[in-house]
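Two complexes, one shared chain (chain A), two partners (chain B, chain C).
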Partner chain A sequence: MPTEKEFQIAPIVQESVMHNSKALYNLQSVTASLFGVSAGILGLESYNGFLFYVVFTMLTSVLFYALHVAPTSIASGKGALDTSRYFRGPYELWTGGLFNGLAGFILTWTLFYGLVRA
Partner chain B sequence: MAQVPVQTIPRDPQLFYWILFPITVVMILSGILRHYVTVLLATPPKKQDQKTMREQRSLVHGVNVRTNFHVLSKSSFNSRREALTTAYESGAYLKDPDRRGQPPPNPMSDPSSMDGMMGMMKNQMAMIIPNTLIMSWINAFFSGYVIMKLPFPLTIKFKSMLQAGVATKDMDPRWMSSISWYFLCIFGLQAVFNFLLGSDNAANQMAQQMGQMNPQQQPFGPGVDPDKQFLAEVENLAVIEHYSVLDDVEKRLLEGITS
Partner chain C sequence: MTWISNSVTLFGVVLLAHACYSAQEHSALQSFRAATSTLTSSAAVSASLPVDITIETVVATLVLCVGLVVGSPPLRPIQWRVWAGKVEREGEEGFKGSDGEVNKDYLGNPFKALESRPGFIDIRKQRKDFAEWVKNGSDGSGAKN
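What follows is the complex of A and B.
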């Protein structure tokens, strides 16, 4: 945990933090709805459907990391999986998005499952 | 584990066109309508007179000095602290200097705070009324049958909630009536609204908005005595041990270069 003095030397700007999490949240919502469409069309049932969602959301997070966070983060000397330049805590990037998109995923999954399965 | 036979109910495909799509379309459009109505009905913040503004802003100034004292040098911090302390204690910033020591104005009778409360109530009404209308419409027209099957299984207890109009004993809880589709839509369409209307849209869940509004209301809301706030701020400023981030900056710079 950085000390309070280090926080004062390099302050965490509230607006930037919010912008980062908002960008991640928007992306997670849209991709979750799209994954629901594909899960419904594929006709996946209970556990398979959720597993599909989890796997592909993690894939989205990895891609997001590789394409957005990594270039500047590695250039500034951080390790290969460190997200501390942009996000507070690793869980926010990797696993936080699961619950954000769950509602949208279930909605579109149910809709397309009912439509396609007939 | 005994294999429960999968219950399939052959359904008219027209069911989708006449029930699913109308409900979905109505909910999306009502959300968009609600957002724009909120935007149009929002009253601009009332211009307050100079004394009220001075009272509020001076308190904010004190709080800012307290939180950011480390960017100031010692002399400038001390001069700010003394100026603010004398002003707070003598009541130079108060709106009504004669009312010191009297209880704060009743929120019901104070006209300047009514507008804030009216704004909150209007937002709540804008949220409740369309939802209630749509729910009663669905119950009137679309009750009495199941329309779709959930892709994942649920426990029996959910049946009473999700299969509102159909009273059967054996039907799988996976079959839902249209009211449960309505509930699914409420939660799931927030993502769609985010995408269509940008992230500040007014169709988001009420809880999110209430949580953000309440902490902001406290410093200047109805029924708060500014004199006591000023005196509390005087104490807070007095206990600060000042240090500046510029104190050892030469050493840090040299360390950064040599590494």
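What follows is the complex of A and C.
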């Protein structure tokens, strides 16, 4: 955890933090619902469905990193996989989206499973 | 450049809707066949989804993923010095949303107060900027600094 002194030396812009986490949250929610639709169409059952969700959410995070974070972050001298230019910790980008999209995923998954299986 | 992400997303949605309809028709057809045939068919309907519908669903999901990620708004740096540098260099253009308008939560240049200190004003540059602004027909923010 960065100390108060580090916050005085290198302050954090609150508006940017909110904007970034809102963008990531919206993306994760929408993609989670869409993965639910796909899982319902494919007729995936219990463990397969959750595995599908985890794999595709990780893929979305990697894609988001590659398209939005990496170009400017690496150009400004940070190492690969370093998200500190835009996010306050690595977990927010890589694993945070798993839990806030899970509800939407299960909702659309059960809905479309029931619809498509007649 | 948002039209490209919107069109890719729309294409993905259309593909996914087509796959959904195909799967629904397939399962309706299977249950119809099972109802009218005298043989006892197995209950594992989900295992017999045709390969092309599966491929279409996965491809539609990937296309939608790409379209949505490209369409999400650009991120802003969170360290104050990097953000302030960006504001000074790019002004308002660095903070335009996807609809071309400046975002509502954009606070403006934090150094504006410093630039209007009386002992540090560069009056010739400001006169030149003002003349250019008048020449450009006063579109844009119209600020003298």
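Here are a few things to note about the model shown:
The rule is short, and it goes like this: the second predicted complex is superposed on the first by the 111 of 118 C-alpha atoms of A that agree within 3 Å, B and C clash if a C-alpha of one lies under 4 Å from a C-alpha of the other, contacts with A are read in each partner's own complex, and residues count from 1 in each chain.
Operating definition for what follows: a contact is a pair of C-beta atoms (placed from the backbone, for glycine too) under 8 Å apart; a residue touches a chain by one contact, two chains touch by 3 or more.
Nothing here was measured: the structure is a model prediction, and the numbers come from that model.
In this superposed model built on chain A, chain B and chain C occupy separate space and fit side by side.
Contact comparison for chain A: of chain B and chain C, C touches the greater number of residues. Shared-chain residue A:S29: touches chain B; no touch with chain C. Once the two complexes are overlaid on the shared chain, A:N20 sits against chain C while remaining clear of chain B. With both structures placed on the common chain, the touch criterion links A:V116 to chain C but leaves chain B unconnected.
Once both structures are fitted onto chain A, a short way to say it is that chain B and chain C open up an angle of 90° at chain A, using Cα centres and rounding to the nearest 10. Of the two partner chains placed by superposition, chain B and chain C are both touched by A:E45. Applying the stated contact rule after C-alpha superposition, one finds that A:G104 touches chain B and leaves chain C untouched.
No C-alpha atom of chain B lies closer than 8 Å to any C-alpha atom of chain C in the overlay.
Comparing which residues of chain A touch chain B with which touch chain C, the overlap comprises 26, 30, 45, 115, 117-118. Touching chain A in their complex are the following residues of chain C: 16, 19-20, 23-24, 27-28, 31, 45-46, 49, 53-54, 57-58, 60-61, 64-66, 68-70, 72-83, 103, 105-107.
Put simply, chain A touches chain B in their complex at residues 5, 8-9, 22, 25-26, 29-30, 32-33, 39-40, 44-47, 49-50, 101, 103-104, 106-111, 113-115, 117-118. Against chain A, in their complex, chain B makes its touches with residues 13, 16, 20, 24, 70-71, 147-153, 181, 184-185, 187-192, 194-195, 199, 245.
By the touch criterion stated above, chain A contacts chain C in their complex at residues 10-13, 15-20, 23, 26-27, 30-31, 34-35, 37-38, 41-43, 45, 56, 59-60, 63-64, 67-69, 72, 76, 85-88, 112, 115-118.
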